[in-house]
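Heads up, there are several structures right after this.
After this come two complexes, each holding subunit A, first together with subunit B and then together with subunit C.
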Partner chain A sequence: MTGNIRVAGEQKQGLARAGQIYHDRDIRMRQLKAEGRKVLGYLDIYPVLEMLTALDLVPFGILGDIKEPISRADACLPTIVCPFLRSALDLGLKGRYDFLDGLVAAHTCEVGEKWAHIWRIYIDLPYIHYIDTPHTTHQSAREHLAVLLSDFQGTLESFTGAKLTPERLRRAIRMHNEQRALVRGLYDLRKPDPPLIAGTEVVQVLVALISLPVEEGNELLRQVIDEVKQRHDGPKKKPARLLLWGSVVDSTDLIAMIEDLEANVVMDDTFVGSRAYFSDVKLTDDPLEGLAEHYLVDIRNPRTFRETALDEANRKDYWADLESRHGYLKDYAREWNVNGVILQTLRYCDIQGYEVPGLKDYLEHIGLPCTYLEWNYSQAALSPLRTRVQAFLEVIG
Partner chain B sequence: MAWFMGIDIGSGTSKGVITEDGRPVARHLLPSGGNYRATAQRLREELLARAGLSAEDIACTMTTGHTVNLPFATERVTDIRCCARGINSLFPSVRTVIDIQGMSSQVVRLSEKGQVTNFVVSERCAAGSGRFLDVIANVLRIDLADVGPISLKSRSAVTFTTGCAVFGESEAISRVSEGAAVEDILAGVHEALAEKVSALVARVGLEKDCAISGGGALNIGLAQSIERKLRIKLLVPPHPQFVNALGAAIIAEERSKVAASPRPETK
Partner chain C sequence: MVEEKKKFINRLKSMYALRANIDKMYARTVEASKAGNPTAWCAVNWWEADPILKAMGVEVVYPENYGAVCASAGVAQDYLERSAAEGFPTYLCGYARNCIGYAARMKELGEIPPEAPLGGMARPVLLLNSSALCDARYKWFQSLGRYLDAPVWTVELPHPGVKESQADGAHEQNIRFMVGELKEFIAFLERLLGKKMDWARLDELASAFIEVNRIWYEINELRKARPCPMHSRDFWTCMTASLYPSGDPKESLKLYRDLLAEVKERVANKIGAVAPEKYRLLFAELPPWHDLKIFDEMAERGWSFVVESWAYHPPKPIDLSHVSDPLERVARHTYRWFTGYFANALQEDEYMGYFAYPYLEWARDYQCDGAMLHPLLSCRTATNHLVLVQDRLLSKLKVPSLVAEGDIVDFKTFDHPGTMRKAEAFEEIMDHYRGLRRGEGLPW
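Then we have the complex of A and B:
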């Protein structure tokens, strides 16, 4: 019975359980290890988790910690790179992830690539695999990714001694698709005004999801959705309904700062947020093809260069190109009744940062006010941002 | 008769203004020191004494800047909003204001009613802020108040390759060791700061009239450098470092009027 997990001697359910796992992420992983399961850490949303689940491996999302000063990672990575990745490596070097049996990383960004190789050098694990995920959506790139996933399958089979059959993989894809559908159901609870669930609570649930096996995560989601629908003490109605876009948001601190003001964060386009969950993997004859299509094409993320879908005559139409790249955000804004957007990137996050000028143009073009925050992945960095958010809320009224 | 108070706790100095019918009737400034709460309390007491008023005479107090929760304040408002309100009361024609503060700079676009329509704040470090001038004045062993007038004597401004206060300090030391004249170094610092400020202006767009506020506006050399860079004439308030405190007092007055206005009858 996956829904009745005992955590630290006390059985929790729904939001309380999500909060408990959010604050104590490794507790379930260590229990599963004691039961003989193997846990593989992964970074960002491009490692293909379905392949881990299909082989009974437990995926665990590696995150940073904005409350932990970065110290040991500075001996291995330059200080002028993504502070989230520096923090994640720092925690690894300090033993925070010493329960891992392995690591799967993918080419999310240049620093992410270096990060994976540096982790391999400094933190010895029985299994490490790196997927050199392409950055374009051409047919050749999709075919190449399917080949890379076939290589990944080979190393996983060697590591586990088990065969990754198409049937097992399809079963895992269905489980992960169910999780995606449940997360979308969770996000539906943010559509009413006031939203039924706070942005901070959603972050706690999503961080818990990447700290649990998929079937336990799905059970947690069902509990949370039921609980939130029935409770009467949700968030208060506030004038601003915001969409948060950009770099990783792996703690509640940024959203708590925003929601402490006259705003509810009702939608996001981030990792650990909606990005991984808003499209399903298609069940193709060769499951690897469907997975390649999903991870390369379906997931909307600035790390993948999406050549404009426009024909040759309109290829240089700036506004049409922006519509083609960012139109889904307009849909989000309409469905979640958003009246302002906060674009946030971590300092040195080039992947997201390059997207900002065009995205600002697009949002202004469609009449959606936005503000841009660049921050340094530390609690101390949040205080000056508060004034900017407050001023932005004053601007949008 | 009702009076209203605005308190602006800055990183270097704290300012207070009392208004009556939207007009300033008293102002006071203190070094912020290391205890903002105590400074705010003292500022309030001395400001009241200057105005010949008691605490009970103040109908509403708003605070801004590096404020903590002060028991005598009704609410805390952003310095961006205060800047817009303050400058609007002084120069109703202004649509863009450049606010050079001790630790940051900001450019605020505002409507004819003094509402913020857009803004941008300098990023994370002291580049483009008054702190840069502090650092350079300290290197050159001159009084901060003399920086502006001395710089006007320059005939060949030194080119600074950075707007960063930390690197700027070592660059200034290098120029001193090379024998550059003090006025040329200061003029170069102003050019570097003006470059940073004009980049901020470009991000939100410049709409005339344009004013400059904050402690940085007291520096004639910096103001002229920004004017040259933006190719405009800046409006400078008589007491530019009090603009945000004035704005806070005006917001206090507006808040009181809203609270006092009768609710429309429901049919």
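Then we have the complex of A and C:
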């Protein structure tokens, strides 16, 4: 399989190619369909993509579109739920994803779960599977997820008529781990001051990645990393080096608004950002066990409940608990030389919303200024946010 | 002479004793705490953790129930404001924000706030929540770490998809998962409390809870009668003894048996909760606790609410007498509650087998003329499925819906007069669809 993409006679490379796919996400999928490949859509980071890749299925990340007004989804999902999910369903109902042969969903969050069931009622596809990812890291939850993945394997095998051998799965895991390592390499380019790559460019690359088969995504990443290392017209040095935390960020709009000010977004903890890429899947004897461990335990995401850190008297130690849940952000801040954090949640995102006061406590405790933005996944919401970000930048100097 | 105000809902007499039994849980917990005995704040967990806590001698209160208590007592608004001042987004669950405001105030005062209704919730040694149905429960309890030093435990409940749940081996695997979970919970609890589980007591309690729910189910089945003998208002009052089972289950059992006898008598004598019963309605999901009187005004118009709130209903009974392990019995009972409608849903190509599909079955079985849907501005769980329910009821059964937005705790969001105006117009719509249903040969 070649990593090059031919689009209307022109062949783009690196960042230009990422930008092109970002703007025209299904371009490669429609070509692959024409070549006879099957494309399965998926939502968020819990569907186990390695298993699709191993069976030569093409995973395609379903996203929303903040520029497209939501109309059709109003007839099946109320207005007071996550606007990203509403937008993603709206696009599905409008036929934006009509090239999909199937859908894989998981219990990402409560509304994400309902979203999957509603999708299935209103948008029929030849293959649909829902993975009931547990909520905790308990031993029984890990074992249960491994069993659920073996059920998932069964339905994929019936759908494709192919056998998913451990060897095929291991090969796919290696390819996805390679992608994770390459993304971390891409993020390394944000460590210098000024960063070698803008936050908006990173989002374009990451959106492109979930719109390509893994091997093509890896090739794209290599091209981007080479290009960025060699170019001399990267972002300008700015006083603020920010970490962006929270709900889904699947377009460049929010980051563009921030980077238009005196700030570079140099690190993130979001989907489509670092969350899916900052730990590898271990190659265990039974590959499903390694996958279960990865998706339940290794991925840091507030949707998974983690045990309270207790002191000797079996009482909860608040600061130890915050450290065990958010300590990785301190590492990010140190390695990426961050001097401010923007916490953002989409309105109605419960998973991230409950984290905000505790996370603020933690960041203040470790001496990192932060601000909190709540928005509704619309371009109109961005101008009032701009004033808030500006005020925050003045505080951090 | 004072003229007695006419009551339009004929409330069940046996309901009052059940309510009193629940209200006592707050005082019991405060006393236990003063005596140095373990107490817990518990999310509704559909009988998974309740018998275990009880068997370990832990006194429990349910902050969700307390949210409704604070809303009815008029103190919730201050707690909501406190939660916002603490930095919690205002779109979060009303119960959660009420509880967070309460906990913040308790921490500040170093004791139960004096304005707290029913004696307040005592400081817990454990926060027990469940992964069932809603993200808010476990995230909210986790966030209470700012104010309380009690550890948090989350009991898992599997949420299989309708189709996936019917796959070979799925049912038994989910039960195994739940039993494994409960074992882990017991091990944690034994460490926390420094004592061992009383297995004989657990066995007894597990059976008692199952029996309570069996009777409670039977009572609700009788509501299919015309006229309906029990109104949703009585359901919401009585459900607490099943859902928040903190009292003595033997006492609850007796009280539910009394309730059953009274409902049976009403059915035999054709006594309705609303007379005349002009319209039979279902209600989804959680009611406006701060404005329950709206149902009296609707009753005055002949509206009887005959079924409601799927999540608060007991499971369809199954025979578990052959299951000797109490944990397995508990798991099967709770799993039944969650998935009891799944097989039928799949046959009808409905993939939201809990919350949404049961209303289709109920609208048919309880012969409903309309549905009242109450989307909550702060609760995704009780709201996600309502547009779907509205669509399915109308397209499959020609049952129309009245939609009134609001909140469980924040009374500012509910438009009482507007809802009553809509209700008046809705009667014509119900009449119209009744004609259509009959024209299509549907039996009501």
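Here is the rule we use: the second predicted complex is superposed on the first by the 389 of 397 C-alpha atoms of A that agree within 3 Å, B and C clash if a C-alpha of one lies under 4 Å from a C-alpha of the other, contacts with A are read in each partner's own complex, and residues count from 1 in each chain.
Going forward, a residue touches a chain if its C-beta (ideal position, glycine included) is under 8 Å from a C-beta of that chain, and two chains touch if they have at least 3 such contacts.
Keep in mind that what you see is a predicted model, and the values were worked out from it rather than measured.
In the superposition on chain A, A:R315 makes contact with subunit C only, while subunit B stays out of contact range. Counting the residues of subunit A touched by each of subunit B and subunit C gives the higher count for C. By the touch criterion defined above, A:P384 reaches subunit B but does not reach subunit C. Contact with neither subunit B nor subunit C is seen for A:E323 once the two complexes are overlaid on the shared chain. Contacts of A:E178 after superposition: neither subunit B nor subunit C is touched. With both structures placed on the common chain, the touch criterion links A:D101 to neither subunit B nor subunit C. Shared-chain residue A:E394: touches subunit B; no touch with subunit C. When the shared chain is aligned, subunit B and subunit C each come close enough to touch A:E374.
Contacts of A:P357 after superposition on the shared chain: subunit C is touched, whereas subunit B is not.
Overlaid on A, the two complexes show subunit B and subunit C touching the same residues of subunit A, namely 347, 374.
Against subunit A, in their complex, subunit C makes its touches with residues 86-89, 91-93, 96, 131, 133-136, 138-140, 142-143, 145-146, 148-152, 154, 156, 158-164, 167, 169-170, 173, 176-177, 180-181, 183-184, 191-192, 349-352, 375-377, 380-381, 383-388, 391.
Residues of subunit A that touch subunit B in their complex: 347, 374, 376, 381, 384, 387-388, 390-391, 394-395. Put simply, subunit B touches subunit A in their complex at residues 78-81, 104, 115-119, 121, 123-124. Interface residues of subunit A, counted against subunit C in their complex, comprise 74-78, 80-81, 107, 109-111, 113-114, 116-118, 120-121, 128-130, 132, 134-136, 138-141, 143-144, 147, 151, 154, 302-303, 305, 308, 310, 314-318, 321-322, 345, 347-348, 350-351, 353-358, 360-361, 372, 374.
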